[in-house]
Amino acid sequence: MSSTFGTLFRVTTFGESHCKGVGVVVDGCPPAMTLIEADIQPQLSRRRPGQSDISTPRSEADQVTIYSGTEFGKTLGTPIMLLVHNRDQRPQDYGEMSRIPRPSHADYTYQMKYGIRASSGGGRSSARETIGRVAAGAIAEKWLKENFGVEIVAWVSQVGDIAAPAVDMGLVSRAEVDRHIIRCPHADFAARMQERVEEVLAAKDSTGGIVSCVCRNVPVGLGEPVFDKLEARLAQAMLSLPATKGFDIGSGFAGISLRGSEHNDPFIQKDQRLGTSSNHSGGVQGGISNAEDIYFRVAFKPVATIGLAQETVDFEGKPTTLEAKGRHDPCVVPRAVPIVESMAALVLMDLALRQAVRRPG
Amino acid sequence: MSSTFGTLFRVTTFGESHCKGVGVVVDGCPPAMTLIEADIQPQLSRRRPGQSDISTPRSEADQVTIYSGTEFGKTLGTPIMLLVHNRDQRPQDYGEMSRIPRPSHADYTYQMKYGIRASSGGGRSSARETIGRVAAGAIAEKWLKENFGVEIVAWVSQVGDIAAPAVDMGLVSRAEVDRHIIRCPHADFAARMQERVEEVLAAKDSTGGIVSCVCRNVPVGLGEPVFDKLEARLAQAMLSLPATKGFDIGSGFAGISLRGSEHNDPFIQKDQRLGTSSNHSGGVQGGISNAEDIYFRVAFKPVATIGLAQETVDFEGKPTTLEAKGRHDPCVVPRAVPIVESMAALVLMDLALRQAVRRPG
Amino acid sequence: MSSTFGTLFRVTTFGESHCKGVGVVVDGCPPAMTLIEADIQPQLSRRRPGQSDISTPRSEADQVTIYSGTEFGKTLGTPIMLLVHNRDQRPQDYGEMSRIPRPSHADYTYQMKYGIRASSGGGRSSARETIGRVAAGAIAEKWLKENFGVEIVAWVSQVGDIAAPAVDMGLVSRAEVDRHIIRCPHADFAARMQERVEEVLAAKDSTGGIVSCVCRNVPVGLGEPVFDKLEARLAQAMLSLPATKGFDIGSGFAGISLRGSEHNDPFIQKDQRLGTSSNHSGGVQGGISNAEDIYFRVAFKPVATIGLAQETVDFEGKPTTLEAKGRHDPCVVPRAVPIVESMAALVLMDLALRQAVRRPG
Amino acid sequence: MSSTFGTLFRVTTFGESHCKGVGVVVDGCPPAMTLIEADIQPQLSRRRPGQSDISTPRSEADQVTIYSGTEFGKTLGTPIMLLVHNRDQRPQDYGEMSRIPRPSHADYTYQMKYGIRASSGGGRSSARETIGRVAAGAIAEKWLKENFGVEIVAWVSQVGDIAAPAVDMGLVSRAEVDRHIIRCPHADFAARMQERVEEVLAAKDSTGGIVSCVCRNVPVGLGEPVFDKLEARLAQAMLSLPATKGFDIGSGFAGISLRGSEHNDPFIQKDQRLGTSSNHSGGVQGGISNAEDIYFRVAFKPVATIGLAQETVDFEGKPTTLEAKGRHDPCVVPRAVPIVESMAALVLMDLALRQAVRRPG
């Protein structure tokens, strides 16, 4: 297990899908910052299940409580423990489910790695594990906003093969994103994506998608070469999320086909600083932020748990057919939007503190 | 700076392009393994410049010396220091280059982050920084091969918009890859890629590409949820390489368009274990290896340093034109092949040691 | 803040004296070990206040709850969160106390470091912070006992200038130690120590003491040179406890006066292994356990909070007199006994897992 | 192995007694600081063997070379590799020495831990391992001096049972300390200690001693509760040195006998800050520096390698007699003086950078 992320802003998450609670300890949060539950709850509420017809109906309020690290609404600089109780605790022997590893799920690998696994719901591979990340991310975001005006906005840019046109990354806002339950800011494409999700849901199947994200007003200088370059930490953060299969930043995979003369971002003088006239770099050069917008994409595979019958084998190797019971998200990307934002915030926050060390004495 | 990678197999690299030497300290290498310079040199030689007409002619033998951690050709379990002397040491004031930050290079961000930067050659953002990684990776690879039969093979799968057809991932070998200087195992496409690189070289321009990689015979159980999932560490490792812009694993970005019922990998009984009949997962489920082939892609942008004139501004913000002097690799992907293999080896080695803790007593 | 301890058995504590709760996340606990609250509670109960007339009467049941990481009474290999609710939550403005930093307490340094501090009770410098350590230590102890038969016993060997005679380190047991509330296994000296504590209590003063500790049946090979030598980690662990001022191991400070020929521990053949006929080394040679008993001492200063009037200055530098209100432990060593044991367990557990990596494949 | 120390000022040492070289990589050194070999050499020269009749005559110039991380005499903020070549490389089969583990030496535990060990000279348990620490410490000291005026002075305060009287900790200087080869600043006691060392040398025996150390002008606020409290890190640092058995800070073990009312350090107004009128705390309260002098003691056991015949057993358990060949330091404390200073500097430097994060924006 490796449930801690960050060097100076250190986040340690805990909790399975069906234990008493899930949450996080945040160690290294700067002191004397105002912080109450209401600063954290909104992103948790954007993440929670049951927000619409196309997400899992598991009923969880996901109400967060601050257990330590603040007093009279201010951080003390000490570890902040945030806890969300699991209302839906059902550790029980699932019969069939425990005999048959779900294809492309974590049942088999957890069993082989640990010699034991949570009886149901995926344990730590469940999406509930991300609650601690989102709670911690909300603190990071607040600090980044207050200290640098950082804005982080993610949205759904693709569902299945339906890819929405580019958005204006300088302007896209959470309000726009949340206007549609699919969380694509482009109304027409949002409707088409929604249809697609309803279609796969009806077919007891699932689909994948892409979450895109932009981080604005990030100060120059964040990123620690060579192993903690900004894009390296973002990549780790995003690929540590359940169901992710890819990450690219700036021009990404598409930029390969350009020539250097097209791809290079010429410097120009901006207000108080040097900037670039294009931004194929995605706000990062040499692993360090250059104050331009940081933007990246995260690929999510189709959800593994589906109602359709699947031919597979049980743990003993005996052929069998599996039909997942109950209802599951047919597409995770709408709920992944605040999770991606949170992980981006955790990366930027940690790197901002690490760079703070270098401010002139 | 963050020049250490790994938890139990800890690699700390050092060295700029024009200092006395570059290298690495490897801490945590298992004891009593045979190790001499000849085990390390081959991958360094595959990485070094000047191997062909299409790579930078910088003349470096890149001969490695083991300074500590072994005796009579065996590892002691103590830190292994590996050093490559820089033959080409020219720290000097580069005139124009020091006044003008190269577009899409690290000159500007290093200067802003540290308030100082190496006068030439890119310092730690130079490709020479990867020498320590490759040297350490060779040790990891040797151990993985001896203990599990792990085979790691990378190759060039795309240059510019020329994408080679899929290779047989169960069979592709380094010998095949090295048959062409472009390091694409597909002869026809290798020729086309080669032509493309010569063309951009002639045009004083550059191009990007993709390195693909497969890791065979990786044991089940590697990967430490949640933040050190196997794909998360691979993503960090690859995005920490100079000039990388993207990473995907298994079905990756392409898998998004599939439905869950198509994408899921059904379990089947294989020799002594459960396996899967397809491998969209890329050998990883729930962040943990499942003993199937691990395969992934890394996107490299077009090289930033080009001979073509670029309109830009100097550090003072004054408009100017920059033409990079000397010759540079017009395309990094052929030399990136052993580097990608090495980073994969470092990730697998560290996770293998971390999993070793869990072997039954 | 640095609230995480350990490399593979990673313990992250949280909680102030007057917040909602205190506790710990244990990441890296081996899977499939039986674990319920009753395994953890006994050491917490030995640690809690109000056990006798000579400890602080703060009323806390200190009942622990396992929130995550186990199912059906077995560990899953995932993070275990242990929580103790604070019954006595009184974050309030303490008037005088908030204007006057208590001499030799953490009020002044916390204020200077963080620019803010918990209004009362010492925040993270409070003894309540050790609850998470003790809870985590109980898990470590259980695993060490089950896997190696490790026994860890600490006792009070000195109070003020009353130093008890040496105990038989091969035999001393917790039952013996707990026979006297002062936790000195030597009845006569326990009585004299008890008298001394009652005397300083009556005088509204305080006294220091020494806790000694022995760890039996520790396997050979634990300790990671050079910075995580066994004694180095023990020293860090013990000096991270509130009110500690010194640590020595084996012959310690007293061994200085011996000659090498007296101090060296000759090897002899023991049952299945080499052992030593004397044990001035304290079970550690070259930073690595040698399977002999590990024993060490920890010095605790007199408690800083006393009822006696003290001439000092307030935060503004204005001379004033401070008399601490309420009652406090006049001597911490009896309650420090299980805390010292717990920290020893955390050190040994982490090093045992780190050494497990090296077991022959 | 765990050869890395520090969180932001990260020091990774390498090298055995008889390999090609010993040294260190320093990652996280602040950029733009002037640094040349001459800044580092003096402490290495104070540490090296052969300085007097009472130290081992092993002939080593211990000349340091900076391999990376600086340019034109300034640090770049990138990893600094410092290398000292071993002149005296003799990895060879030592015959008797390899059959018989030296009592109280690391031969046996290294062999049991790693299943292999350096054939001679102690490998990583050799005093040569400390070269990297001293080289890195010199950089830390330079930065601490330039930024805060920190002064670190260590001296020999006890040899065998000869304990020198207290020195004036506000004034004691390295010049005074180095006036006597025994490195005790008190002339009479230096002479007596010298005599004692010559006596044990003549007797082919050895003796232990104490190194005391003071750190002046340390700013308030250094130390990271709870596990990286200043005294906890110092304790780890000191107990990670070869041959150390104890550490205490401030009043230490002696303070136990005082009452709280005597031991507490009352606050008084000093120039620009609050200070204390006494300093039993040793400059640390609640694990955080309070700007008073930090002082501590380190106990070194008598050297294990002695010429006198010792009855012991060989690796097979067969009784035998061992007489160490060659000459060895009969007492390590004079040469330990710069080593203790260096470790103190490494601890303070890392904590200073970690606190720098909290400076007001």
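All chains are identified by letter, namely A, B, C and D, in their written order; residue positions are counted from 1 within each chain.
Criterion: a contact is a pair of C-beta atoms (placed from the backbone, for glycine too) under 8 Å apart; a residue touches a chain by one contact, two chains touch by 3 or more.
In this text, all values refer to a predicted model and were calculated from it rather than measured experimentally.
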Farthest chain (mean CA position) relative to subunit C: B
Of A-D and C-D, pair with higher C-beta contact tally: C-D
Computed distance of Cα centres, subunit D from subunit A, in Å: 46
For subunit A paired with subunit C, centre-to-centre distance based on mean C-alpha positions, whole Å: 39
Subunit C and subunit D, separation of their C-alpha mean positions in angstrom: 26
Of all residues in subunit B, the ones touching two or more other chains: 1-4, 7, 13, 31, 77-78, 113-115, 124, 225, 358
Partner subunit A, residues of subunit B touching it in the complex: 1-5, 7, 13, 101, 103-106, 108-110, 112-115, 124-125, 129, 158, 160-161, 200, 203, 205-210, 220-221, 223-229, 231-240, 242, 244-253, 255-269, 274, 276, 280-282, 285-290, 299-306, 308, 310-313, 315, 317, 355, 358, 360
Subunit D - residues contacting subunit B, complex: 1-4, 10, 12-16, 18-23, 25, 27-28, 31-32, 65-72, 74-81, 83, 91, 113-119, 123-124
Residues on subunit A engaged by subunit D in the complex (per definition of touch): 7-8, 30-31, 77-78, 147, 225, 353-354, 356-359, 361
